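Lettered A, B, C, D and E in written order, each chain numbered from 1.
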Amino acid sequence: MVVEKIAVIALYTTIAMFVGILFMGVGRKIVARVHNRVGPPVYQGFIDIAKLLTKKTNISHGWIYDLALLFSMTGIMLTILFLPIGGVKLLSMEGDAFLVLYLLAIPALGFALGAGASGNPNAAIGVMRALVMMLSYELPFVITLIALMIYYDTSSIAQIVEMQHAKWAIMIPPFVLAAAVADMALQGMLMEAPFDIPTAPHEIASGPMAEFGGKHLGALMIYKAGTIVAYTTLFVDLFLGGGVVMHDGSVLAYLANFAVWFILIFLVFTLSLLINTSFPRFRIEQAFKFYWKYEALLAFISLIWVYLMVIS
Amino acid sequence: MGLFDGDIMKYEDWNKISRIASRKSLWMVHFCTGCGAIELPPVMTSRYDMERFGMGPMATPRQADVLLITGYLTVKTLKRVVNVYEQMQSPKYVISFGSCPINGGMYWDSYNTVKRLDRYLPVDVYVGGCMPRPEGVMNAFLELMKLIDEGKARGWEKYQKYYEQYKRNQKMAFNFEREKDEGA
Amino acid sequence: MVTPVLMIAIPLLAAFLMPLIKKAHRYFTFSILLLNAILSVLLFAKVYNDGAIYETIAGFSPPVGIYLAVDNLSALLALIINLFATINFVTSKKDFKFSMLYLLGVTGATGIVLTGDIFNMFVFFEITAVASYALVASKKDEKAVEGSIKYMILGSVGSSFMLIGIAIIYSQLKSLNLYDIAARISSMDPKMMWLSFSFLLTGIGVEAELFPLNGWVPDAYEGASSNIASFLSFGPSKASIYAIARLLIIFSMSRTYELALYVGIATLLIGEVAAFMQKNEKRMLAYSSIGQMGLILIAFSLIKDTSYAIPAAFFIIVSHASAKSSLFLISGKKGFGGITSKYVGLAGVLSLIGMPPMAGFWGKWYLLMGIADEKMWAVAAVIIFSAVIEAIYFARYLHKNLGEGESEDLGYSIPAAVMVSVSIVMGILPLIYNMAGGVLNA
Amino acid sequence: MMWPEYITVAALISIGLYGVMAKKNLMKIFIALSLMETGVNLLLITIGYIPGGTAPIENGNFAKYVDPLPQALVLTAIVIGLSVTALALTLLIWYHSKTGTLEYRRGMRW
Amino acid sequence: MLELIFAVLLIAAFATLFIKSGRIAAIISLIASAMPLIAVMDWANDFGIKAFSFGVENSMDFSIAGITMHLSITSFAWFFAVMVFSLLPPIFLFSYSFFEKNNGFFPFMLFLITAVFGILLASDFLTLFFFWELMAASSFILVYISRDKKAIMSYLAFSVLSAVLILVGIALLYSQSGTLIFSDIVLNADKVTVSAIILMVAGFAVKSALMPLHAWAPFVYSKADEPFVAFLSGGLSKVGYYGMFFMLFALPGAKILHQYFNSGVATYLLAVIGAISAFIGTLLAFMEDDLRKLLAYSSIAQLGYIAVGFGIGSSLAMAGALFQAFNHAFFKSVLFLAAGAVAYRTGKWKISELGGVGYKMPFTFMAALFAIFALAAIPITSGFAAKWLLYEAAVSNKYIFITPIMLIAGVGAFLYSFRILYGVFLGENRHDDIKEAPLPMIAGMFLLVLPLIIFLIFPGYMLDMMHSALVDAGIGTISHTNYVIRTGTASYNTLAVVIGMMVVMIPAFLIYVLRKQKKVDFKDNFLAGEPYEFYGYISMHAANNFYKPIEDVIMPYLRKGAISFYTALYNAMGRVSDASRKIYTGLSQDYTIYIIIFFFIIVGWLIW
């Protein structure tokens, strides 16, 4: 039983990472097409990671630098375990949305720790921006999350997904607004433009990653792939029913749900990339103001709307 | 003891994977001191689109595989170039642009210009011309990929092997500069 | 045989003998004060065991004769005054005239507390007042003289007022005995009664530092030398406030208590607020004294309705007498300068703002319990306000004195430590509650 | 009633208070204080006085005795007043020697 | 036995008063501080938790001629006592190395412990207030040692404010019920009782540094000796919350408030204040450059969560609040001690001047790292379980205002956590000449970290510990096993997190531990090609004005904060004071006029 579970966990993390790495290539391809370029092959992500992991030399800035990366990889994989993927509840019954929110902070903090340990001033500035960005987008995001929690009267993501069997959350009027807000928050979570200032390569030499090279950078790319899957899945789980279309426990249902989940996160990711390619970059305080003024206001409107719906 | 350094997988096989991967994913740090830097944007943008080969610019030497020397080097910039080169992770490659790094080019009689980059850093591919056109630059990249594929792009190994000599040459160049400074 | 009259007679006699023994005057005075303190302990023990003592002097029986009346509270106050006077005298370094005046001052203060006769009270008032004027001026610099002159002018006006009040009472009741007056006060013409009360309150209020009769306070305290400021804060002022308490009990009307409450509140507020920004330490302590007198008056104004009032007043008096006198002793220099002064300062301040294990804590506790009995929440609000204000300026005072300055004068700081330890002892052993629980017989 | 006496008392006290309130010269202030004390003493005597009374010396006519106690009180009060005045003059001399003037120095020290 | 504990504490306090050496005083204090802990552990048997038995009786009447003080242990006091007294031996262990000379820390710390012991054992208001004031006095002296003007003034002012508020509250209650003994008090929902409860809660809130009454905390925390501050933040603030818990749930004030207002508006207000406290405290924390001030604001923020729990008052929220209190006691003590250890070695407080300390003091760094994980509620520490309970409670009660604020404050905690981690321990290595902190210091810090790890895996133990407290207070507990907490709507399985973590860590571990790599110096760093020592020195420590961009956005809104309000109040009061002192003109003529006016006024008042 335990071995089975561990095997399933291993399978799912592998799949998630695979999808994530694939998405990195797909993303570059999409961006290239928008730029009217040919772009790299869709499997470019795998090549990049393979190259980085096969680098001959490797530098380290001390044990904190190494452990921090370990920490972020672990954190992102753990997060994925607590998210229902295509309706499959791995560990998601054992925790809830708050746990996921805080688990998502583990990789971010680990990454920040590694960047700090690298001793590069650019990295510190990048981390500062990343953390401020996190503070910014979390406010509208948690408000929409609370709207969902209040509406479905549960804080467990798995249960929220289950309750969307009949009707996806996005089909309920207030959650259209909430989903729009959450999608902009997603933009910040994925560090896509207009919120890509934490890693601005030409300004602060790619920020937190400035000192990462070789295998460390490879691990970082895996982590990045994981975040893409985690955040898009979170969005899909919250607003798009987790991609669950068939409810019987058959193998076909698994496959269908998985396929729908894949398509949905692909769509969400594509949307995010399209926004990314069409906008310039916000400065960090502009991003902060954007999230805390307009986004938070919209989110709060949807929350009050939901609240009024629930209490009446 | 390394996991991938011969215990589990043969070094040659590992090397092969490494070569295949790095051939298709050359990340470059371009050292834009000379005039050659202006030739790079066309290479990156939609006309030539270097990204279809998996190439792309990187912000720091730690992340990059290819060092582009885009034009002449003075003694002062050479220090930085050496610094950057040493911060890159092996395997790493150097492409030099234009005539200046080859033989001094139009600065052949300058007192302060590095005449032969080869004395200080192992250059894998030279692109001739003053300046080379983007086609030439593209061609150089393809050449480098071919060399990597064939296992001939071994400049970084050379640098490790003849480290003392390279250092001596570099030091001579830097000392030259210091004497000049003191004289002035 | 302990009689209260000894406590007045001995120092008075000693004071007039002083010119004869010029050389050993300090030892002589100290031993007299010590004797007096011992007598007051014995007296207190006696009163505590046997109940109040009423004693007549010079053969006449009351209401005509001079009359001493000692109950628990007055015995305690006499004890405090004499004890602190003894400790405080250690710091004196002046000539025999000073010792003489000091003895007179102590006599007067003790007399005010022990007497049962209103004219005697006036006489003792004058004795202690004249002695205090002279003591304040004994520093002989400009500030001292100026303070003394102001003190004297206001004190004289006050004593005239008091005498007028006494005259009115006498004209109505033909009696000077406090108990006699208290018994027959209701037979007075109300207008005359109120008039006499007003005169007496105004007259005694000058000495008791009530607002707005206390103009002399900051100048006199500032001008006087440390030990005299210390003496003023435990001697005349405490005796006078006790006299006001007696006055209130005599004119036991709800309006007088109400009036006392208002005056107390005004005194508390003005004193604390004025002390708040005061940079000069001695003036700050003087203003703070005013505030504390207001607090004591508030406590006394509750006497009629709650049994907590007397312990409250008593503990505040003890706390204030010991803490403020010791603070005056160690103040006026650049800083505490030494560990003894530092702890004396801390203990004094903590006692004044009412923290255990000091007597001030119990004062605050009983006062608030009394207020709870009375349900006078506005007064509670005033006390909250003034306590916070007090805390702020005392914190500033403590911080200001942290500076190294010159090294401390142990001749001052050790008596101060002894004085402040009285507050600690009283705070740790609140057995005084039972003793002071005896009602002030009126 | 003895209006003239009481009016005198009131006048003396008022004059004394006025002097204390209004005069700047310390000497005048002390004179005013003395006046006031005199007024108070007069009040005490007036209270004990019976119109047409005699001194309380034993001569059998008890009804005509004035009240002896106020007179004793006044004696005490006079003594006290004397001592205060003496002290006041001493202080005055000191004040003059410190400041060179008897005028009140107008300085607010708070 | 109980008398013995008090006696030992007081004797130790008086003994250390006269000992010059800090080492000996620390040992004496360590032994003395173990006494209450032993008693507390012994009492665990009374509350359904197996501990060892010493036979310490759990109540005593202490009579000082006429006044009787009733002392007895209750279940809720016991929970707080566990929390507070287990902090003390590690702190004294730490101070063994910290204080070379005894500057007054040890004696007054022992008085403080005596007072706290008395507060927790008090079963009548006089005892409570007596020990509360004793605590205020002794902690004030500990602050006084710091010699900082603002700290001394603000601490004394707020201590006295707290004391008088509590005193007036007691007086109000006494006037209603006529007794001071807790068990005899019967409360009615009338105006006086309600105002008494509010006043007393406000009074206790001062010690807990709740938002409008927190103004003393930044000054005191940043200036006093660290071991004391560790106890102040870890222990004394919890004593304040004990008072609040007592007033609201043991007495029970919350029910009275509910009856009186006919709704939960008063307690809801407390929750809102707590949430705002958490939020604004967080914002102020990450802009601070002084490490201790940062920790002070962080304390204000973390303590705000407890108030939220008390305000919500459901069993979930209370469990969360008590859990949070416990966690905060430990992690904040560790952080202050770590700050003390860093200062002990470097002598610096400014984050912008520190940096790279973690390389030289790895064990201190490890302890601080764990504490920071707990502070930021990372789910691999027990810190998360507490916040999780609070969030669940807020959401299940549909508090749409409190929940997002709490959550965003939780996110903000990452910001200042990183500031500490990077600014102090990581980044440029500027301190080549320092050593690791002395062994007693490290031992003290790790002893304090230990509970955080234990309750990470077994939050159920913590819920067991607070079980009888919550049941006695009539709140009820939540269903749990040793490692699963269940609420009505969700569950949290710590074992799943830990095991899941381990499972996914193995491959990553394989890749990253079994590898070949070259350790490089921090100087070998990408600086756009510049060598590190090229211009003599390139600052690589980007810790000055770290959050400047966001500070520029936020600060205009926070400038008119509580502290500036109190400063303005102080200045206004100063003006009033100056004006009132003008009454005293220094002229006897004026004073005579006052006398006459006074006379006529009272004559008028009395006759007409």
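Rule of thumb we're sticking to: a residue touches a chain if its C-beta (ideal position, glycine included) is under 8 Å from a C-beta of that chain, and two chains touch if they have at least 3 such contacts.
Predicted model, so just to flag it, every value in this text is computed and none were measured.
Contact with both chain C and chain E is made by D. When chain centres are set by their Cα atoms, the one at the greatest distance from chain D is B. For the pair chain A and chain E, the distance between C-alpha centroids works out to 35 Å. Taking each chain's centre as the average of its CA atoms, chain A and chain D sit 97 Å apart. Centroids built from CA atoms put chain C at 76 Å from chain A. Of all residues in chain C, those touching 2 or more other chains are 149, 153, 157, 218-219, 274, 278, listed in ascending order. Touching two or more other chains at once are residues 511, 515-516, 524, 526, 581, 584-586, 588, 592 of chain E. Contacts with at least two other chains are made by residues 17, 20, 29, 109-110 of chain D.
All chain pairs in contact, by the document's touch criterion: A-B, A-E, B-E, C-D, C-E, D-E.
On the side of chain E, the complex with chain A involves touching residues 356, 358-359, 365, 376-380, 384, 387-388, 391-392, 395-396, 398, 400, 403-404, 407-408, 410-412, 414-415, 417-418, 421-422, 426-429, 484, 489-493, 496-497, 500-501, 503-505, 508-509, 511-512, 515-520, 522, 524-528, 539-543, 546-547, 549-550, 552-553.
Here chain B touches chain A in the complex through residues 4, 14, 17-18, 20-22, 24-25, 45-46, 49, 51-54, 57-63, 65, 88-91, 156, going by the rule given at the top.
Contact residues of chain E toward chain D in the complex are 581-582, 584-589, 592-593, 596. Chain D makes touch with chain C in their complex at residues 13, 16-17, 20, 26, 29, 33, 36-37, 39-40, 43-44, 47, 67, 69-70, 73, 76-77, 80, 83-84, 87-88, 91-92, 94-95, 98-99, 105, 109-110. Against chain E, in their complex, chain A makes its touches with residues 6, 9-10, 13, 53, 57-62, 64, 66, 69-70, 73-74, 77-78, 81-82, 91, 93-96, 98-99, 101-103, 105-106, 108-109, 112-113, 116-122, 124-125, 127-129, 131-132, 134-135, 138-139, 142-143, 146, 149-150, 153-156, 159, 205, 210-211, 215, 219, 283-285, 288-289, 303-304, 307, 310-311.
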